[in-house]
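Both of the next two complexes hold subunit A, though its partner changes from subunit B to subunit C.
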Partner chain A sequence: MEMVSRVSGNISILELKGRFDAYELKPVQEWFENNTSVSNPKLVINLAGVHFLDSSALASLVQGMKRSRDKNGDLHLCNLQQSVRIIFELTKINRAIDIFPSELEAVKAFNE
Partner chain B sequence: MNEALQALRDLVMSRFSYFEKLANLWQSAGATSFEIVGGGEQIMRWDYPGNAAGIVIAPLEVDGEIIGELRVQGLDEQLFFARLEADATALDNLIRYEVELGMLTSELVQNQDQLLALYELSNSMRRYLNPEEILATLCKEAARLCSCDKAFAMLFESGKPKLLIQYPDNFLEEQQAQELHNKARANDRPLVLNSGYNGTKNLLFLPITINNAPFAGLGLANHHKAFSMPVIKLAQAIIQHAGAQLENVILYSETLSQVRMRSELELAASIQLRLLPQKFPSIKGLDIFAVSYPARQVGGDFFNFISHSNGSLNFVVGDVSGKGLPAALMMAMARIAFQNTSRFSHLVNPAKLMSRVNEDLYGDCTDLSMFITAFYGFYEPTTRCLSYANAGHSPVIYCKADGVIQFFDADGPALGVLPVSLSERQEVQFECGDILVAATDGFSEAFNAAGDMYGYDRLLELVKNNRSLTAKQLSDLLFKEVLAYEAGAEQSDDRTLVVLKGIE
Partner chain C sequence: MPSYKIALITTFPPGKGSLNEYAYHFVRYLRQKREVSELVLLVDYLPGKEQYPEFEKDGYAPTRIVPCWDFDSKTNALRILKAVRQEKPDVVILNLQFASFGSGKVAAALGLTTPALIRLSGFPVITLLHNIMETIDLKKAGFGGNPLLEKLIRVFGYIFTRLLLLSNLVAVTIPKYVEILENKYKAKNVLLTPHGSFEEASADPVFEPPPGPQRIMTFGKFGTYKKVEPLVEAYKILQAKNHHDMELVIAGTDSPNSPGYLESVKQTYSEVKSICFTGYVAEEDVPKVFGDASVVVFPYNSTTGSSGVLHQAGEYARAVVLPNIGDFAALVAEEGFTGEFFEPDNTESLAQAIENILDNPIRRLEIASQNFAAATGLPVSDVVDWYLLHIQTLVSKKPKAKR
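After this line comes the complex of A and B, so read on.
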């Protein structure tokens, strides 16, 4: 899996590409740790390049969401492929994490 | 020519009768004395009566160097020089053979010594079962055998230094040892630095390999002369012995920890098996069957049945995120949380029960970065009402006796995701011939060799077409079909089924 980290204003954006599973958790967890050390962290995870996500990966995104909310921030997801979207719908984690069609919308939602 | 002189002395002592005969022959010729001189000193002299006028001297020469002479007194030099010279030449040859013999003998003794030393080294290392002790012995013994002041030995694990032992004290940084190792590996031969390295007079480094893969190395420093072939050869013989021993020990310790781990996992697996009900409660109007197969030895799937004295039944199917031991530990906690909530609360509303379990587990889930999908049901035989709450769990299939089929989709997220449960209570009338299959995603997400997923549609179709089977028959069929679809591909996720069928 590839990771690209960007910053747009006060929003940290992480782009993931490839298969996101139990063997790829560590760098993502570290990214969450680094980016939730500030107060009010605003995180956007762009999953456009992710075609598969297992339950451990899903759990790490939930963890990122919890960490950012603990610090009065939030985590938004965007650009989910169909196969990934289904996983969020089946586990109903889409009711816990806000999911947006595009990165622009995910970023904009923070500024509203 | 110390050796030759020593040989001459030895010869005179060991072959005294030969020299005495020689002296007697000179006496017969009229000599008054016969003398053997070596290194300017008399070694042996025979005197006889007569006129001592006249002296004949012949040099003793070995490999172009004069080491002594033979002297005969009382004879005419003109007449007897040739004869004395012939005796001297014969003695020269004897001395040369003696020297060679001496060298061969000492070499043999030295070889014997080295073999013995190697044997002792192997023996002493065999006593040790951990790499630290072996490396320490190797350093000490290799330094002694190769006449060096200092030594170090290092062990690698996946290309990185894991252990560095130095003798008698530390004289290298780990990085320097690594650098020496890299250099030796690059040239694929022992590294000889006779001009010294890092304050040492001279240094020799030999990588120790298994199947040409480096896993250790031996360094020797401060040899009294420069490192030359005999010492390097000896050091190579040492690392061959040490390498074999080290390899055995590493394999042994790895095997040992693997065996320990495996037996602990087997214990965990048997404990986990006992956590899942092997017998199912007898509930009026229900045919019940359930089974769980983890992908590894232990898994994160669980199910449970809790029957109440009024004949009603609570049941749960759940799936902890992740796999293996961490998931299994969380599964054990989740099972207890559901069991206690079912048994000790007076709630009959699955949504409220689910909410309580979520409160119990939320903190642990957050600490451990896990969540749990769960389908929680409650069946009341007098009304045949089946109520349930679904926290992110799938697939749950409900097939009516007439073949109308649907999923009981989740409405709230998995447990542990949000501090409050969003799952609501749903209910159906569970009639005779109706079937409920609550599975885990190990079923729908079974993959064949081509990487295609078994999927929900096939599962739905299979249940619908076989709704006349008993709960156990249907469960057996589902497992059989999924295994046939996988066709030997590795089971990637835990697989659990709870099947309820409405009976009279």
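After this line comes the complex of A and C, so read on.
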């Protein structure tokens, strides 16, 4: 899996590409640790390039969201492929985590 | 951060009812979460004068055990409702399967009205349902031979599934169950919460069984969907084929719905050498029972209740022999597991599948490695976080309870 991290204003953005599963968790978990060490962290995860996501990967996103909310911040997801969206719908995690159609909207939602 | 008083309706060790072990681990992690301010376990009474131990004050959420129902009582739903009203939790979770409340059809069915009654009283309810009627083979569960009775049970199964679906949320552990409940019942409140692994993944799993006899092990509560006779017959076939340095370990107890079953098996096969009946396996002995096994066998003719043991076999890096029933192989693969498959009710096929693992250490290692990876990917601790997210969403929109 490829990871590209960047910053837009006070928002940290992580782009993931490829298969996101139990074997790829560690770098993503480290990214969450680094980016939730500040107060009020605003995180966007762009999943446009992710075609497969397993339950442990989903759990790591939930952990990232919990960590950011613990620090009065939040985590937004965007650009979910249909195969990935199904996992969120099956687990109903889409009711608890904010998901946006595009990165622009995910970023914009933090500024509203 | 909001925190919640949670009531969990379940069996719990040292109670020996089904799903007690899942409850033990679920509670172990749930009470460690900061979102939980208090946990009340609404459990069944223990037999005789046995008492539940008290939870120690250990810095986690205060946890109390309140016995308030009896297996096979027809009044469980009302007694549990009364206890819920007294406790006034923010949310109620039920850890259930279809026969949780009784071996008799009436007691079992009336117990299944509990989630609906609690919700109607204004408490948000999440039901964790470990099996669904549609995947239970009634013939093999002992209701065969009478098509009318089978049809009647299906009709009542439909009605009681509808009642369970009156919970705010119904969680199931297998994606196929979500599909069935959404398609057949048009349910919108069903969600997948994977089983999860009971223990933190060992950094250094032991894939090899210890030296000594090769142990063929089966684990569970036996007598209804899980019958050990085919396994003993397969074991006899292996003995006849000169596999002498081995032992058959039947670990666990009778299903609450089949008292006396294992004792009758013991008597029937008293002449077969090297069979060990462990009886109830206490929580602290579970790692050794799995760790000593060369292979874990699922001599089931229905896949109901197989998920928990399969996850445990994976956590302890054991190879497994599984029944080739319906789309079970596909479901197993969907969860990332694998195994050697046998044709149900065919003892030759079962003996061959066991032999394929005993005689082939490379195949055994392949299966054990894949199952270890599958079982340890998602710990119960993470699954509990998912429940807490759903609780947060539910409680924020709950109506006022009639208390």
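The rule we apply is simple: the second predicted complex is superposed on the first by the 112 of 112 C-alpha atoms of A that agree within 3 Å, B and C clash if a C-alpha of one lies under 4 Å from a C-alpha of the other, contacts with A are read in each partner's own complex, and residues count from 1 in each chain.
As a working rule, a contact is a pair of C-beta atoms (placed from the backbone, for glycine too) under 8 Å apart; a residue touches a chain by one contact, two chains touch by 3 or more.
Just so it is clear, the structure is predicted and the values come from calculations on it, not from any experiment.
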First (subunit B), second (subunit C), both or neither: which does A:Lys66 touch?
both
Using the superposition on chain A as set up above, list the residues of subunit A that contact both subunit B and subunit C.
22, 55-56, 59, 62-63, 66, 90-93, 95-96
Could you please specify the touching residues of subunit C with respect to subunit A in the complex?
1, 169, 175, 178, 191-194, 336, 373, 377-378, 382-383, 385-386, 389-390, 392-393
For subunit A, which residues are in contact with subunit B within the complex?
22, 29, 55-56, 58-60, 62-63, 66, 90-96
Would you tell me which residues of subunit A are touching subunit C in their complex?
21-22, 54-56, 59, 62-63, 66, 69-70, 90-93, 95-97
Where on subunit B is subunit A touching in the complex?
319, 321-323, 366, 369-371, 373, 391-394, 409-414, 416-418, 422, 441
